[in-house]
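Take this structure, written in structure tokens, and hold onto it; I'll ask about it next.
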Amino acid sequence: MYEKLKESCYRANMQLPRLGLVVYTFGNVSEVDREMGVFAIKPSGIPYEELRVEDIVIVDFNNNIVEGKMRPSSDTKTHAFLYKHWKNIGGICHTHSTYAVSWAQAIKDIPIFGTTHADHLTTDIPCASPMVDSLIEGDYEHNTGQQIIDCFLEKNIDPSAIEMVLVGSHGPFTWGKDASKAVYNSRVLEEIAKMAFLTLQINPQAPRLKEALIRKHYDRKHGANAYYGQGC
Amino acid sequence: MYEKLKESCYRANMQLPRLGLVVYTFGNVSEVDREMGVFAIKPSGIPYEELRVEDIVIVDFNNNIVEGKMRPSSDTKTHAFLYKHWKNIGGICHTHSTYAVSWAQAIKDIPIFGTTHADHLTTDIPCASPMVDSLIEGDYEHNTGQQIIDCFLEKNIDPSAIEMVLVGSHGPFTWGKDASKAVYNSRVLEEIAKMAFLTLQINPQAPRLKEALIRKHYDRKHGANAYYGQGC
Amino acid sequence: MYEKLKESCYRANMQLPRLGLVVYTFGNVSEVDREMGVFAIKPSGIPYEELRVEDIVIVDFNNNIVEGKMRPSSDTKTHAFLYKHWKNIGGICHTHSTYAVSWAQAIKDIPIFGTTHADHLTTDIPCASPMVDSLIEGDYEHNTGQQIIDCFLEKNIDPSAIEMVLVGSHGPFTWGKDASKAVYNSRVLEEIAKMAFLTLQINPQAPRLKEALIRKHYDRKHGANAYYGQGC
Amino acid sequence: MYEKLKESCYRANMQLPRLGLVVYTFGNVSEVDREMGVFAIKPSGIPYEELRVEDIVIVDFNNNIVEGKMRPSSDTKTHAFLYKHWKNIGGICHTHSTYAVSWAQAIKDIPIFGTTHADHLTTDIPCASPMVDSLIEGDYEHNTGQQIIDCFLEKNIDPSAIEMVLVGSHGPFTWGKDASKAVYNSRVLEEIAKMAFLTLQINPQAPRLKEALIRKHYDRKHGANAYYGQGC
């Protein structure tokens, strides 16, 4: 019943070590099936080299395990919360990739400096402020979902267009139409994070990318008249 | 008819991931056939691991597709413009390699600090200023070609000797006698960009390479009495 | 008699080059058998690609070779001292990994900046001050063990909870319930060291991780009610 | 007649790409046979993946080709000069490795910050000042040998103990009892150069390694009573 979903989730998870985005078990990817009202997610603490399709856990939006013998990722409630509130996303990826985490630890948005960034989103990459203590001590992973959504509301940005966030002092979450796109966004974020770090080292006064270039690069890939790719 | 050209273009493109110069589809290489008045270029948005020789697109200097079922790279007009105006170049490579992009985002020329640089060119690596808005909103990729050529005219430098440029806020373009040499120059540029970054971190007052060393190293490889290599 | 211990020690040592933690012979791992009162350790100066299980040396806590034809690691006395005084540790790993060594050479504790750090320990990673000259000129490797233990006493921290240290001007030592866990801690330390370096480059005023997040992340993995992993 | 020497030189050269010390053809290794009064060296401009044992060139100390169909490395005269004047060295390696070149371009000695450095040498790694113009325009590669020897005379250091140098604005040369040891020293130098760079980024006031630790670490590996390694 959930075979295809688990297989898709499994394959996306296995991309993480190949892309250099995780050491050991520091990451997890999920994929949702909106019709069935469930998502598939990596089990907690299992090394990637031991992970098998049948280990993937099926969970509903209220965090109940629907299928699977293992405990799901400790971040499951964050995934559930985001799926519940953002109806357009199909996959979520969380890693502790080096450069993205470093910006998150610095508690800084990643400024938009170049077209590599604008090829994927039109704003700085937002960094959500660390939670207040009462929320940390409460239902922490659920509240992390809330923290991300609040950040997007405050900044008035759209998760369908900005598919990534840094959780301050913690690290990146990314999403997309499916698990594979969420992983793609994690890899892109890591590259943008590294380039932005280097850019500021070379020129602390490096200018923000000009609006016309942001518009041009984003639209040629994602606009109504996009002409990047094979149009399918 | 175009088999050899497509094969050569294909092989040069496939070098990019092996050399660590691209993630996903962030790059494209072309090679020209001056007699036939066409060039071969990567199709747009196709991952390198799926790319096949038969996917390579043949385009003329007015951006007409001469052969191929796929849409050519979104940067095709930049390639066409450069081939049209610079009669001596045979291949062009565009990447978003990490260190070269970071200098482009910093909008800084890469200073000539050492003999690794002088083994390949005698000037700083030029960074072209970002375009004015009207040109961005116009025929952007065509104008990117213009932007590069204008940069060389302004600085009075010769594209036969300086086979690389940074497009400000965007990234590097390199060229050479064929596609393979263009890719070689992209790899060399990335290394020079990393070394120059580190040099300034270690010593913000690092001196420009002295003129006699620039001359010596460039000439022993490229001068009339060059003695580097096997002379063939 | 010591086969299992040697095999386990061998496998942990062979992880080091795969994890990118050593060049040449710059590292050593040991594992203890408390009942037999001995530990297994890498022989001195043997390249990893030549190392065989039978080369592993068995040593007691007074540095006597119990079994083995080779000379044990030159750091053997440090291992022996730590095993003798810290009854709860089962394996020790010493490397010269790049970022951890750089913090050790900077003679700085690694500040706790994020949850990657707090997933593993609740304090800054301590850097022990370089030894006084008389101790260096005395029984140096034995005194290095003393130096590490003194550092933990001074800072009033518990080696069962803080499984890593930087020896100032030298490099990292890590430990754990067995050799494999000690190696795991070395890899984690290297990653934390790199992230902390980058964090301070991006934001020299980056704040220490707040106490509530330290507690939360450490406890969800290691506390009485830990819910990370499969609970086995 | 020269088979063994060529084979040994070939194998040392082939280490360079595996150790990440070269891109393309940016390096060369030689090995001397003192009895025969010749050395074996890489041919100029040949990519490592095409290099064969029979391509290695045999040259005498006056730069005459004794055997080989190819042109020897463009740096051959530097090797010859060093072999002629330093009777104790058996192999030489020259690369453009990233971090060592960056220190050379910064025209800075690499300070001795830690025991990784002291395990190999007891002084800062010297950076030779760039040559005066008349010498650059003269017999440049011969004069580079002179420049290195002058640097050691000025600083009153011994090439048998300090087996590496940075040629200012250019890059590293290393040597040792044979070609393989020279390559080993190039890899060690690159690591020390990276660590020293990072150390100063973390702590611009990082202290020089104390004299007692320099002595201890150097002597336990190289002193009369060395106890590192298997003593053979």
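Should a chain be cited, it is by its letter among A, B, C and D, assigned in written order, with residues numbered from 1 in that chain.
Please note the rule applied: a residue touches a chain if its C-beta (ideal position, glycine included) is under 8 Å from a C-beta of that chain, and two chains touch if they have at least 3 such contacts.
Worth saying up front: this structure is predicted, and the values here are computed from it rather than measured.
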item	value
Angle of rotation relating subunit B to subunit D [CA atoms, steps of 5 degrees]	90
Geometric centre distance via CA averages, subunit D-subunit C, whole Å	33
Distance between the centres, which are taken as Cα means, of subunit C and subunit B, whole angstrom	46
Subunit B, residues touching no fewer than two other chains	201
Those chain pairs that satisfy the touch definition	A-B, A-C, B-D, C-D
Footprint of subunit A on subunit B - complex, ascending	23-24, 26, 43-46, 70-71, 74, 96, 98-99, 101-108, 130-131, 133, 136-137, 140, 169-171, 197, 200-201
Subunit C - residues contacting subunit A, complex	113-116, 184, 187-188, 191, 194-196, 198-199, 201-203, 206-207, 209-210, 212-213, 216, 220, 227-231
